[in-house]
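Same chain, two partners: chain A is paired with chain B first, then with chain C.
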Partner chain A sequence: MEIFQDVVCPVCGCLCDDIEVSVENNKIVKARNACAMGTTKFLNYNNDRIPSPMIKNNGVQKPVSLEECIEKTAEILVKAKYPLIYGLSLSSVESVKVAIELTEEVGGVLDNQTSVCHGPGVQGIHDIGESTGSLGEIRHRADLIIAWGANLQEAHPRHMERYSYTSKGRYRNGKEDRNLIVIDVRETLTAKAADKFIQIEQGKDFEFINALRTALRLEQIQKDKVAGVPVEEIEKLAEVLRSCEFGVIFFGQGVTQVNGKGRNIDGLFSLTRDLNSWTKFLIMPARGHFNVAGVNQVATWQTGFPYAIDLSRGYPWYNPGETTIIDIIRRGESDATLVVGSDPIAHFPPAISKRLINTPLISIDPAHSMTTMVSDVVIPSSFAGIEYEGLAYRMDGLCLPLKKLVKEPDNTMSDEKVLKMILAKVRELKKVN
Partner chain B sequence: MQDILIKNGTVFDPINNIDGEIIDIAISKGKIVDKVDESNAEVIDASNKIVLPGGVDIHSHIAGPKVNMGRLLRPEDHYRNLKPKTSVKRAGVGTSCPSTFTTGYEYSEMGYTTVFEPANPPLKMLHVIDEFNDTPMIDKACYPLFGSNWHVMEYLHDNKEDELAAYIAWTLRSVKGYACKLVNPGGVEQWKWGGDVEGLDVAVGNFGVTPREIVKGMCKAVQRLNLPHSIHIHANNLGMPGNYETSIETLDSMREYAKENTNGKPNPIAHLTHVQFNTYGGTNWMNITSGAEHLAKYINNNDHVSIDLGQVVFSDTTTMTADGPFEHKLQTLTGNRWVNADIEAETGCGIVPIKYKKSNYIHAIMWVTGLEAALMIDDPWKVCMTTDHPNGGYFTTYPRVVTWLMSQKAREKYMEKVNKRAKSRTALESLDREYSFSDVVISTRAGTARLLGLNDKGHLGVGADADVAVYNIDLNKIDPAIQYWKVRKALRRADYTIKDGEIVVKDGEVVKSVPGRSYWVDSKVSTDLAKSVESEIKEKFKDYYTIQMSNYIVAEKNIINSSPITVQAEV
Partner chain C sequence: MTGIKVKVLSGRTLRQGVGKEAGKNSERYRTSVSICEMNSEDITSLSIKAGENVKVTSAHGSVVLKSVSSNQLTKPGMIFIPYGLYANQLFNETTGGSGMPTFKGEPAVVESAIEEPVKTLEELITEI
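Here is the complex of A and B:
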């Protein structure tokens, strides 16, 4: 049996790096320290693999050689006038780098899951800026933690233990020294664990944030209730924010993907900025996929923009709402899509998914999904952080090295290698043409 | 790799005492050589052109989490400069926070071949290296931040000098850093509770050490480790009226650690960076003035100090520094967008966009301060030309700064446009010093390379790295003091840039992409000390950080062209 120490868990944005993985006969048998979500992945990732590269022929996917798939993919991409490359949140940073180069080469658009989850959070940085920090800062100092539309307990099971509420830091000895307030529309598990839960009405985050900012400025709120919360309670909350030593807001999709979207975020970022005139206050997103932050990081340093990057003019261009994948598909402009490790067919609105299928669709994925099932070309790949190594970025932007723990199945390779082969083929075809 | 012969160029190579002589430069296998076989070499006709060592930038924020946050903060900055892909170049964008590929290309097109990134948290060095790998054309290195580091403050508090030195050596080796950077020593830790330090002798809250003790202790440790570069310091009170006094006090506190060099003079041990931001007189924003005269006087009398300018160039740019409290002040002053990013156990970061306006009194004073410092400090070997990119202006404005140094006329012309009250309160007009080409080469190449301990760079002697720039400046026809705009134009786009013996830029355009190296320093301390300190670090690691110690260490396999420099420590 082989034991790997300090393994980074390639599941959620917490990127816990203290996992001890035991491997027997090229099979993971144990993942110590991982939460249930992490353990499930480590132990069961290998179920439901795509057995072979496939190309659809007369409506039926048929096993073919990898070379045929690469060739077909390259042909599709070279022929396309406005191809989309999408996904990558479950790939290594090295794979993302090749994907960007490929997008540049074929003159397409590179987009990522950010587009449909934390996009508004990213745009909030363009608008307002962000008072933030590394997760260790929270662990050492925060005496006030606010989870806003973020169900930490269920989406990031070890967040509280490692970085926030129950963690022990230099100046805080666990939850006795901290105050956890949950602001959400539902009483989640996180809300149940909190010192205080403030339930607000669905879709009223923006009103609530504004009321809170008003209260913070010690101005009068001209209403009895905002978002279903009595004004006195809002004023009390403002006082709690003002008087903490070190506060932090974690926000999730409960803020970014509801009514108000970007406006909610602009409001929260402004609130946090203003609070720094009173005390020390930070804000950070609780991000889902383990390397979604990494895609934003590498895209930003290579192209200047975090996602939705249009390279069809030769230089990078970015305009969310115009260059975001859903908007491009809705306008019927794209004519081919390459999906890497994502399942847009299952998650996009049905009308968009329908259009996606109407143009050539290629999937690179280790496992079956709704998207791979309807793809014209399917290329099986290996799992980042389990079967191939590389880098990933934690939700607070910290870079960590992913390990290779087991050998990948025959017939599969990393996204990085697959994308490199496609890129080489694309260049070859372009030269011939 | 083909040999290269640069013929008939006017060569400036101050390290080898060549001051505008017409000589040939021969290149083979990446190095400057005595001669090459002309019939087998690529011959560059450099007649009526100047030939300089490749540019060496001692301080420019080009990579890492802070720069990337700047890029993210400012999409509008990118739209001003959109760079399409070419057959050799990757696409890119950006002016004050350019993308990595574009950064490499633009430096190279200006004739620069080495650029050092001056401030990143040790914890984030893997990210820095990840960006370095995507920054082509230039050699790179990074100075990790130590000024508010918990280990450092604790070792100092416990008077553990040997252990401190060993800790620094361990950190540089582990995260692949090159030199030690101090930013607002102690103040950044205070900022994590919303405060700052006030002056050199007020202790940092929970640690019981003062900024003065941090500066002195770090300086001593760096000396004992024999690091190739001195302490790189951004003093307390940066950006505040009257702060020249703090800066001088800081420098003076380090003086006792200077060692003598072979000429019997003290070696530089303190590099006061972006001196412009550290050198104001006055007592408030209304009466702020340049304090350059005082600082210059100190530096002219003390040889343990070097500086870089951090010159302001009127433009729309982005300020970024580990000095979190300073950026917060700037945000409240300007109302501009603001990023803050504190890093556990180590440091912080702030970013605020800024538009330096000629009409603004304070901005005009800043402009004056940098130039006064450059002109009042007599010895060009002590002065490095920088804009603290992007804090004072973009690195692409270097040619403009150089012409301000070379031409009083250029300064006068410009001065007509700046704030009148600022103009009336500066000695700049009376300064008639004009940098010669040799002076410029010293402050952009020879001096910077020497201060960084890069013996094979900054000159064109036999054995040097074949990093060379050729510019279309005909000194028979152009007087830089008069036709300064022609110099500016020529310096912006090199006729040729040669990197490690290969032509990478021709007629101001990249013709070949090369990856460049990543330097880092391995200072060898005694084995026993190294061992005991490593186990101490291990013990604290779990308490201080949210990652495992093994994942903190940057593996060499993650670095393109990893280039360690090994030195022997005295502990």
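Here is the complex of A and C:
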């Protein structure tokens, strides 16, 4: 049996790097330290593999050779006037680099899951600026943790233990040295574990944020209650925020996916900026997929923009609301989609999915999903962080190395290699044409 | 039968997170995303028992789900459906210029649907 130490978990944006994985006969038999999601992935990733490259023929997916799939994919992308390349949050940084090159070559749009998770958070960074730091800094120093619309206990099960509320750092010895305040519409498991839970009315985050900013400035709020919370409680909360030594707001999709969207995040970033007049305060999105932040990083250093990048004009163009995948599909502008390691059919509104499957759809994925089930071309790939190594970015922007733990099946390869094959074929076809 | 007006929230649950890692074809995944978490008062006002099916209808679609009593929904008037194809039947395609559909806060009506089955994921995909 081979034991791998300090394995980085390829599930959520926490990228826990203390997993001990035991491998016997090329099979993972144990994953120590991982949470329920991590353990389930390490032990079950191989259960539902796509057995072979497939192309849809008369409505039925039929096994074909990898070369046929690559050729078909390249043909679709070259023929398309405005193709979309989407996903990559479960791929390595190296794969993202090739995907951007491919998007540029075919004159399409590169978007990723950011669009439907923390896109408004990214817009908040543009609008206001981000006061941020590393999770390590938070572990060592933070005495006040705010979880705003973020159910850390279920979405990032080891977040509190490793980086925030209960973690033991150099200057804070676990939860007795910290306060956890949860602001949410539901009394989530995180709220139940908190020192203080403030329940606000659904869809009223923007009002609540601005009332809190008003209280922080010691100005009077001209109402008895805001978002269902009595003004006295808001003023008490402002005092707690003001008087901490080192605070941090982790925000989740409870604020990005509700009415207000980017404006809610502008408010939260502004609140953090205001708080830095009083004390040290950071803000950080609790990112979901393990390398969703990596796509933003790579895309920014390569194109200048973090997601929803239109490369059809010969130069990068970025305008969320216009170049974001949902909006492009809704307007019926795209004429082919390449999905890499994502399941938009399971996660987009059905009206969008309908349009998505009415144009050629290609999936690169190691395992079955709702999207692979309806794709015209399906290319099996390997699992990043299990079957191939590479880099990924944690939610705080720290880059960590993913490990190769087992040998991949003979008929699969990394997203990076598959994308490189497609890119080479696209260039070949473009030369002929 | 008359239903009750609610706001629909969708989001991550640990069961859904574990289910997706177990495999999108797995029973664990299907059962983790085909549920409607409700406040116990709302369940009572529909004259059903937790575990019986409900039908949720918004301006954009309708879906039958298994009801679950949730202690996270401490007030009536909100339901919670884990992220996935079931929840998405209820959401609009517009983004208001933000790129992001509104996955939380969609107005809907919940009614008892004890006799109606919860569709399989394959059935929902076929209907797309």
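One rule holds for everything that comes next: the second predicted complex is superposed on the first by the 433 of 433 C-alpha atoms of A that agree within 3 Å, B and C clash if a C-alpha of one lies under 4 Å from a C-alpha of the other, contacts with A are read in each partner's own complex, and residues count from 1 in each chain.
To be clear about the criterion, a contact is a pair of C-beta atoms (placed from the backbone, for glycine too) under 8 Å apart; a residue touches a chain by one contact, two chains touch by 3 or more.
Please read these numbers as outputs of a predicted model, since none were measured by experiment.
In the superposition on chain A, A:308 makes contact with chain C only, while chain B stays out of contact range.
In the superposed model, A:193 makes contact with neither chain B nor chain C. Contact with chain C, but none with chain B, is seen for A:48 once the two complexes are overlaid on the shared chain.
In the superposed pair of complexes, A:321 makes contact with chain C only, with no contact to chain B. Of the two partner chains, neither chain B nor chain C is touched by A:429. Of the two partner chains placed by the overlay, only chain C lies in contact with A:120; chain B stays clear of it. Of the two partner chains, neither chain B nor chain C is touched by A:66. Of the two partner chains, neither chain B nor chain C is touched by A:231.
Looking at the complex, you find that chain A touches chain C at residues 11-12, 36-37, 40-41, 44-45, 47-48, 115-116, 119-120, 123, 151, 153-155, 157, 185-189, 191, 199, 202-203, 253-254, 256-259, 261-262, 288, 308, 320-322, 324-327, 330, 343, 345-354, 357, 367-370, 373-374.
On the side of chain A, the complex with chain B involves touching residues 5-6, 8, 17-18, 93, 97, 101, 104, 122, 125-137, 139-141, 162-163, 170-171, 245-246, 273, 276-277, 279-280, 282, 296-298, 300-306, 311, 313-318, 391, 393, 397-401. Residue ranges on chain B touching chain A, taken from their complex, read 63, 65, 67-69, 71-75, 78, 82-85, 90-94, 97-101, 123-124, 126-127, 130-131, 134, 192-194, 206, 328, 331-332, 337-345, 348, 351-352, 543-548, 550-551, 555, 558. Here chain C touches chain A in the complex through residues 7, 9-14, 17-18, 21-26, 60-61, 71-75, 78, 80, 83-85, 88-89, 91-105, 121-122, 125, 127-128, going by the rule given at the top.
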